[in-house]
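Next come the structures, one after another.
Next come two complexes built around chain A: one with chain B, the other with chain C.
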Partner chain A sequence: MGNIRIIGPRNSGKTTYLAALAYQPNKDKRKHKYLQVQALNDDTRLLADKAESIILQGASLEPSITHFRTIYDMPVYSFNIEIKHFLRKENIMLVVRDYPGEIFDDLENGTSNKLSKEFIDECLAQDVSGCLILLSEWKHGTDKSYSRILDQFIQLINRADRGKDLRLAVVMGKCERGELWPGRLDPEIDLFDIHLPETKSILKRGILHTNLHFYASSTFGVLGRNDPRPNRIEEWGTDGRNSVLREPERWRPYGLLSPLYWLSTGKKMGFDI
Partner chain B sequence: MYNIIKKYTKPEALAKNAVVRVIGDRGSGKTAYMASLARWPNADTTSPVQSVIPIGEAGEDLITKAQNILEQGLQLEQTAMQHDAINVQDYTLKITLKGQFSWKNPQVGISQLVDISISCKDYSGEFFSDLLQQSSSLQLRNYLEDCLQATGIMLLVDGNSNRKDLEYTNSIDKFVTGLDRTDRDLNSRRIALVLTKCEQPELWVNHHNSSFLAHARFPQLCQRLKTWQQMGGGQVDYFTASAFGMLGNRYPEPNVTIISRDRGGISAVIKDPKRWRPFGLVAPIYWLCTGDRHKELDKG
Partner chain C sequence: MGVVYIGDRSAGKTHLAMELANPKSEHVEVLSPDYEQLKRILVGDDITQGPKPTEAKASVYECRLDIQVRLPTGKKPVIVDWIDTPGEVWRSNWQMNNLDEWNRFLKTIRQSEGILLIIPPHRGLNFQSGVDVEQFMSQQQWCNRFDRWVEFFRQDCSKTRHIVICLNKADLFCNLEEEAARLVYNPYGSGMTWQQRHTYVLQRYFRPIQPQLEKINQSISGLAVRCCITSVYNRSLLEIPWIYLGSFLTN
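Then we have the complex of A and B:
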């Protein structure tokens, strides 16, 4: 158990990811009998309340950076997660902070400003057990830019003496997209090798293989087992187009917990939820 | 013969004493710690601590602070800096708890009660943050002389103020060198580094692993204390505590409302005074008195 940080470029859906985790269990009692999530502080409950308007009504989440000027204003989300395995129950506590996308993007030019440095120090502190890197794009040029950023990040990890024990879960988000959905079953080969090959090879070279895992996740999910259309439509919200659930009652997010579970415990889950 | 049997079967409470000085930065929660300890609210029946009784006027004063300020959801005022260390209030507390057997204290039986009396001075935060920097000041000498009487030092650090690691290291460095210089008899003493406000989620996840947590968040401070220990200054150990504690058993959450967060840590008030149950307050004191970690107390 320990602290987890979520980093990733702007608009990769970091806060929505956490909002879904905080909110989803209340929503979907039937299907997730084996999983129970409990918010453990006010910040998390606030996020769960906001989640409904974000995911169902498409209210846009303001970029995290606009809320605070210093690292101390950042919310800390904390969850208790009860997982029912075959015969036993397991409780884990997750303490997660999501970072503004700017911090990730700034890494490309090397961190010079004070705020970024504070965030990175905090991210690589000894009591952080792992980082979740949430990526979502593979447009022309992004592979190059991600790999430069992660190269920087790996250097910072080594400089902070965390090379041996910091776990990195690299997650491809928004996997309900048609071209990604079939690749979710083996994300390392079918998503990262194909769409972000350079990023993957930089990570493979720089991080011990026991501390690195690739995941696929989808906050919105697809319509059903035999209906792989994304359960998501774009709507015009208060400020531009935003994604909302297409059929709320069929909402089944994919792969939200597995990376966090591994980061926190070091064990892999038998199935992806 | 009868006497021998009586001696071993009908245990009288064993007495242990310690003279303690509580030091730490402004806002690290020194007075809240003491007040919460004296008040000992909502005692848990399974806890090895049987009772905490404040003795004398100063002790009453702590209870008043706990009831009139903390329990009303208000913040304590800063403790004023006294010119002379003699004038700093000396709190006396008597703590009765179930002992635990250990080879260090073989006379303590498993079910035997132990009475711990501590006399404890809660220095103003200014001592730690300002006075220690003025190495030639008479006032500092006066305070250090006062510290010599102590067999134990409780260094309280807000666990959320990890960015001030370097400043703390600097202060503790001045403190231990000052102490060495003033102490002619070279007494050995114990320093308990207590991380306070561990109800906060980022600290709570690791609160059972206090040594790891202290080293992770305050690497330089721990290194300095370790050096002090290796040079023969005394012993160091690490603890986690919260004066306000957690709410609920199954899904415990912090029983605080945060007022502000900044570089120096957080300041907060109690959320639900009726369910006020601090944790970790007695463990460092037991250790300062006996040199043993009490396993039951460490559990929280």
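Then we have the complex of A and C:
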């Protein structure tokens, strides 16, 4: 069973990523005969319902809020994933929790408040097999900010004595954007080397190479195989950054399962959803 | 935690509330109180008359509604704390003279998850012939009045997650059937998405207050204001804001 945590800045789309995984918008497609995702608990079923009644209707999920008292108030999502290989079936169970973006942002200044510390302790607990770091920006100054935050995180990993066995999947999200989409096939070289070189360098220096992989994902995907326009538009909202589906009937996420599969099993997937 | 239902005086809040409970529903059903009961509460014994204006001296009227919204994922119950206020509640001298009541109202607002604001039309709209436009505010007055709402949302609703603003009495200023057909909620068909619906209504009917709406969005974290048009004479339009809120408030 893979016990996984997802961290990332605010608005990076952590909960939406999990909602798409829970709902499986292209579950009727041919490729999905090889893959079945089953929600195992109420939190996950509720998230799948939200994907259908909110995201699929062209609205965006609310931000995960930090005004809860303890980490145990946060939902935990649990999935059973059945993958059909050529001659065999493989079942993996994932237990995933995403943290509010504020926790990631707090790392930049040190985890001073009690709640942030509680999150980080839980994130680095011995039973957590890996952590998915979902990043989404590369604009001026972001590389520096991410690298400072991840430097802090690496120190915390080492302090918790998890340096040898905690896997980190570093994911560039929202890859449907025109600048990123062509780089999705080799994200380490074509996305991280180009857009977040300092962040990559900090991670390469601080994390064992066997415990570190770079991925690209897109929760909303593009409009089609021959139409690489993002299937996402930004609508107004706080900071004007709420993302909604452009054409719900063409919702095909990209690269959602690979990083979770690797975090859980240590193996790479041959195909993805 | 629930929905607070507020609005300007004579905006038609009471009539909308009553019609929502009409059993001829599409996606939104009021389970309790029933239509007749609500009609008696809101209209009084003489049900041949339309809803009477909520009196200034009447206290803030609170009613709990059990609503069921039919979403793509099935029927979902939504508990609504429905608060209808006299229009005067927004006047500062009413607030000073009724301090306890005002504070209680603010407390409810601050705990609410969603707000449904009903606003009346203004003279700048393209009215149907025969409508006495003098009964409405000029566009400038309407915009100025909305400034007070902006201040209210920014000061007193910083925790609110959803604000839906309904320009009511749409039957007076648009082709109701045409707009309803365009905006109708159809979860299984190829109708408009929430974003498209909002953008359409915003550009067509809310343009004069667009900068103020952006101001509200920018000042409340995690919020996206939605704009709707409503009318008691069209069930589809009447239900749209509730379906939207219901999508988020189903827990």
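Quick note on the criterion: the second predicted complex is superposed on the first by the 250 of 273 C-alpha atoms of A that agree within 3 Å, B and C clash if a C-alpha of one lies under 4 Å from a C-alpha of the other, contacts with A are read in each partner's own complex, and residues count from 1 in each chain.
By definition in this document, a contact is a pair of C-beta atoms (placed from the backbone, for glycine too) under 8 Å apart; a residue touches a chain by one contact, two chains touch by 3 or more.
It should be emphasised that the depicted structure is a prediction, and the values quoted were computed from it without experimental measurement.
Asks: Counting only touches as set out at the top, which of chain B and chain C does A:53 meet: first, second, both, neither?
Replies: In the superposition, A:53 touches chain C alone.
Asks: See if chain A has more residues touched by chain B or by chain C, and give me that chain.
Replies: Touching more residues of chain A than the other partner does is C.
Asks: Once chain A of both complexes is superposed, is A:235 in touch with chain B (first), chain C (second), both, or neither?
Replies: A:235: touches chain C, not chain B.
Asks: Which holds for A:244: it touches chain B only (first), chain C only (second), both, or neither?
Replies: In the superposition, A:244 touches chain C alone.
Asks: Could you tell me if A:41 is touching chain B, chain C, both of them or neither one (first, second, both, neither)?
Replies: first
Asks: After superposition on the shared chain, which partner residues are touched by A:227: those of chain B (first), chain C (second), both, or neither?
Replies: Neither: A:227 stays clear of chain B and chain C.
Asks: Using the touch definition from the top, say if A:93 reaches chain B (first), chain C (second), both or neither.
Replies: first
Asks: Check whether A:2 is in contact with chain B, with chain C, with both or with neither, and answer first, second, both or neither.
Replies: First partner only, chain B.
Asks: Across the two complexes, what residues of chain A are contacted by chain B and by chain C?
Replies: Of chain A, no residue contacts chain B in one complex and chain C in the other.
Asks: Could you please specify the touching residues of chain A with respect to chain B in the complex?
Replies: Touch list, chain A to chain B: 1-3, 38, 40-41, 70, 72-73, 76, 78, 80, 93, 95, 118, 125-127.
Asks: Which part of chain B faces chain A closely enough to touch in the complex?
Replies: Within the complex, chain B touches chain A at residues 162-163, 200-202, 204-206, 212-213, 215-217, 219, 251-254, 261-263.
Asks: Which residues of chain C touch chain A in the complex?
Replies: Per the touch definition, chain C meets chain A at residues 71-73, 161, 187, 190, 192-199, 214, 217-218, 220-224, 244, 247-248, 250-251.
Asks: Could you please specify the touching residues of chain A with respect to chain C in the complex?
Replies: Its residues touching chain C are 46, 49, 52-54, 56-60, 62-63, 65, 233, 235-240, 242, 244-245, 248-249.
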